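A, B, C and D label the chains in the order they appear, each numbered from 1.
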Amino acid sequence: MSGWMLIDVALFAILLCSGIAIAKIRQLFAVAMLSGIFSLTSACIFVMQDAVDVAFTEAAVGAGMTTVLLLGALALTRTREKLTPTARSVPALLVALTTGALLVHASGDLPAFGIEDSPVQTHPVTERYLVSSVEEIGVPNVVTSVLASYRGYDTFGEVVVIFTAAVAVLMLLGQRAPREVRERAAPMRDRQRVLRVIAKLLIPFILLFGLYVQFHGDYGPGGGFQAGVIFAAGVVLYALVFGLDAARAAVPMRALRPLLAAGVLLYGGVGVATLLLGGAFLDYDLLAAEDPVAGQHLGILLVELGVGITVTSAMIMLFYGFAGRGIGRGVGRS
Amino acid sequence: MLLAATLGLLVAMLLALARAVFGPTLYDRILAVNSFGTKTVLFIAVVGFLAGRPHFLDIALVYALINFIGTVAVLKLSHYGEFGASASGEHGDDL
Amino acid sequence: MSLLSYYNYWIAIVLMMVGLYVVMSHANLVKKMIGLNVFQVAVFMLFISLGKVRGGTAPILDPAFTTYSHPLPHVLILTAIVVGVATTALGLALAVRIHEAYGTTEEQDALKRDDAESGAR
Amino acid sequence: MSLLQSILQITADLALGAGVLLVLTGAAGLHRLSEFFMRTHAASITDSAGAGLVILGLLLRSEEFATALRLLLILLFLLFTSPTASHALAQAALGDGLKPRTGKPHARDGAQTP
């Protein structure tokens, strides 16, 4: 057993423990927090398996946004679930065990973990991505070139899905937006000052970091998806510390709605532009005359910008949706 | 040395997880999750050096950031029961 | 040997089943979404481990390295994660609306209330 | 390998080892101590001294300026956020009626508050 494998095994043990704890614990607050731990651990495993971009996204999205949204939903619903009756749990357990056994049996047909001549690695597309992409696209981060160029069409679809989901959540939760504002006396002592000062100090740097991730995605882990979530996280922090109304004044809904669409339109617009230039949809080679690589760079930059804008506004809108629904009911504490 | 450090951090993560699972109060869990997050930041940093590609430290920075925001979110929610409350509320002064 | 070359997949399968169990057995809708998330992460892990090469490194090209893990699973999963949070948010929004309409997020209670209302009519 | 380099290497290893040891101490404290406010104390060992020493150890190993800069940023970020988080957490717990146990070890009034 090598050291790497020991690390892997330890991470898997943590992951399994937190997974089982998620299934067992009935206080949903605790479960939401454990799911944060679960996400962070799985992100560590992604780093161990060389998927740095995925780890980046999982940490920002899975551990960050999902936890915040879960907490937002818990604030609006019950925070303790009922005991699961045996009549339900035993059949479910049987089904899960059977399915698991079948899958374990089937996993024998998968290539052994990490071997070099698995179908994934010997497929001709591997060579294309890892070797030819240097001349064709000239971006060191292969994940970015595959995401934005080779499979740009696919990514466009994903961005549209995010757009649709944000619109749907807005339709479900955005109706009763102006909740009653409870009058509150000004605090006598400002004991939250530490949090407020630190947040004020950090938020500009968080936004700056988001921009860095957005534009450094060609050379390191990062890109539009991650940057969008980090940007949104900055706004979420602002809303948490200074109140939702302050955040809504700073980043108003009427700016987010057009932005949500603008990102998708920018992405699609690049595709239409390449069509008008006489190429295929999202064929960036034509964007710069005589220099396909420069065209690819420009195309990837614009497309990632579109992704970033849509993801940022979608995430902020999701947060506003859940936070704005709050009617001020008390939450049972564990 | 780096490998030993990584394994040490993993043991520490396991201990923090145990505290997060067993509680008993909500604040114990929040504390454990926050501490777990700090340990993953260190873990990612050390593993970057172990793999010989230390310029992936951006990921560790994201972890630290998300960890902080998550803690603030949980505190806000457990304290007010909603996200929307502004900071200067009736008991807004004791967070 | 077989244990060492397949354990990644098995862990992913066990986690998938934990997620499946939560989705099937628990009646609370928010808990169901969390279970779905667990399942989702397990699928991601299965995908990512298919792209890994032993001795490889992250697919960010650098003259110092020659072996890289396959970037395609990374791309697919990266987008899937963000789409996953969008769909999770949609599911949670539905749970919130169900809670507002029925006063409960437990599946059974909501169904019971539906039955009672249709019976009274 | 010059003398300076080996000194650097040894210092880096020492800092890393001491840091991980402190992180482990903090985690053990988090696990073993009997009450919330004591546990915050244990957790803060991880956040301050543990994280600081681990990052110092890595800093002495890093060869590029960009890596060192990122490590320093992480350290700075941790030094800003973890005390803030602990402070907010302890304030919230105190406001919620959790009392730090003081004086005699038998007085367990605050520890069991749900």
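To be clear about the criterion, a residue touches a chain if its C-beta (ideal position, glycine included) is under 8 Å from a C-beta of that chain, and two chains touch if they have at least 3 such contacts.
Just so it is clear, the structure is predicted and the values come from calculations on it, not from any experiment.
K.L.:
If you walk from chain to touching chain, how few steps can bring you from chain C to chain D?
P.N.:
Tracing touching chains, the least step count from chain C to chain D comes to 2.
K.L.:
Pick the pair with more C-beta contacts: A-C or B-C?
P.N.:
Between the two chain pairs, A-C has more contacting C-beta pairs.
K.L.:
Indicate the whole-number Å distance between the mean C-alpha point of chain A and the mean C-alpha point of chain C.
P.N.:
A distance of 13 Å separates the two centres.
K.L.:
In whole angstrom, what separates the CA-based centres of chain B and chain C?
P.N.:
Centres of chain B and chain C (C-alpha means) sit 22 Å apart.
K.L.:
Chain A to chain D: how many Å between their CA centres?
P.N.:
Using C-alpha averages as centres, the distance is 28 Å.
K.L.:
Just how far, in Å, is the C-alpha centre of chain B from the one of chain A?
P.N.:
Roughly 18 Å separates the two chain centres.
K.L.:
Which residues belonging to chain B are in contact with no fewer than two other chains?
P.N.:
11, 13, 25, 30, 55-56, 58, 61, 65, 67-68, 72, 78, 94-95
K.L.:
Check each residue of chain C and list the ones that touch at least two other chains.
P.N.:
In chain C, residues 57-58, 60, 62 touch at least two other chains, as defined above.
K.L.:
Going by the contact rule already set, what residues in chain D reach two or more other chains?
P.N.:
Counting only residues that touch two or more other chains, chain D contributes 77, 81, 84, 88, 91, 96, 114.
K.L.:
Provide the residue numbers of chain A that touch chain B in the complex, in ascending order.
P.N.:
For this pair, the touching residues of chain A are 3, 6-7, 10-11, 13-14, 17-18, 21, 25, 29-30, 32-34, 36-37, 40-41, 43-44, 47-48, 52, 55-56, 59-60, 63-64, 67-68, 71-72, 74-75, 179, 184-192, 195-196, 199, 202, 206, 209, 213, 216, 220-222, 226, 230, 233, 236-237, 239-246, 319, 322-324, 326-331, 333-334.
K.L.:
Applying the document's contact rule, which stretches of chain D touch chain A when the two form their complex?
P.N.:
The touching residues are 77, 80-81, 84, 87-88, 91, 96, 114.
K.L.:
Could you pull out which chain C residues touch chain B in their complex?
P.N.:
Residues 57-58, 60, 62, 64 of chain C touch chain B in their complex.
K.L.:
For chain B, which residues are in contact with chain D within the complex?
P.N.:
Contacts found on chain B: 1-2, 4-5, 8-9, 11-13, 15-16, 18-19, 24-25, 27-28, 30-32, 34-35, 38-39, 41-42, 45-46, 49, 54-55, 57-58, 60-61, 64-65, 67-68, 71-72, 75, 78-79, 91, 94-95.
K.L.:
For the complex, give me every residue of chain A touching chain D.
P.N.:
These residues of chain A touch chain D: 191-192, 194-195, 198, 201-202, 333-334.
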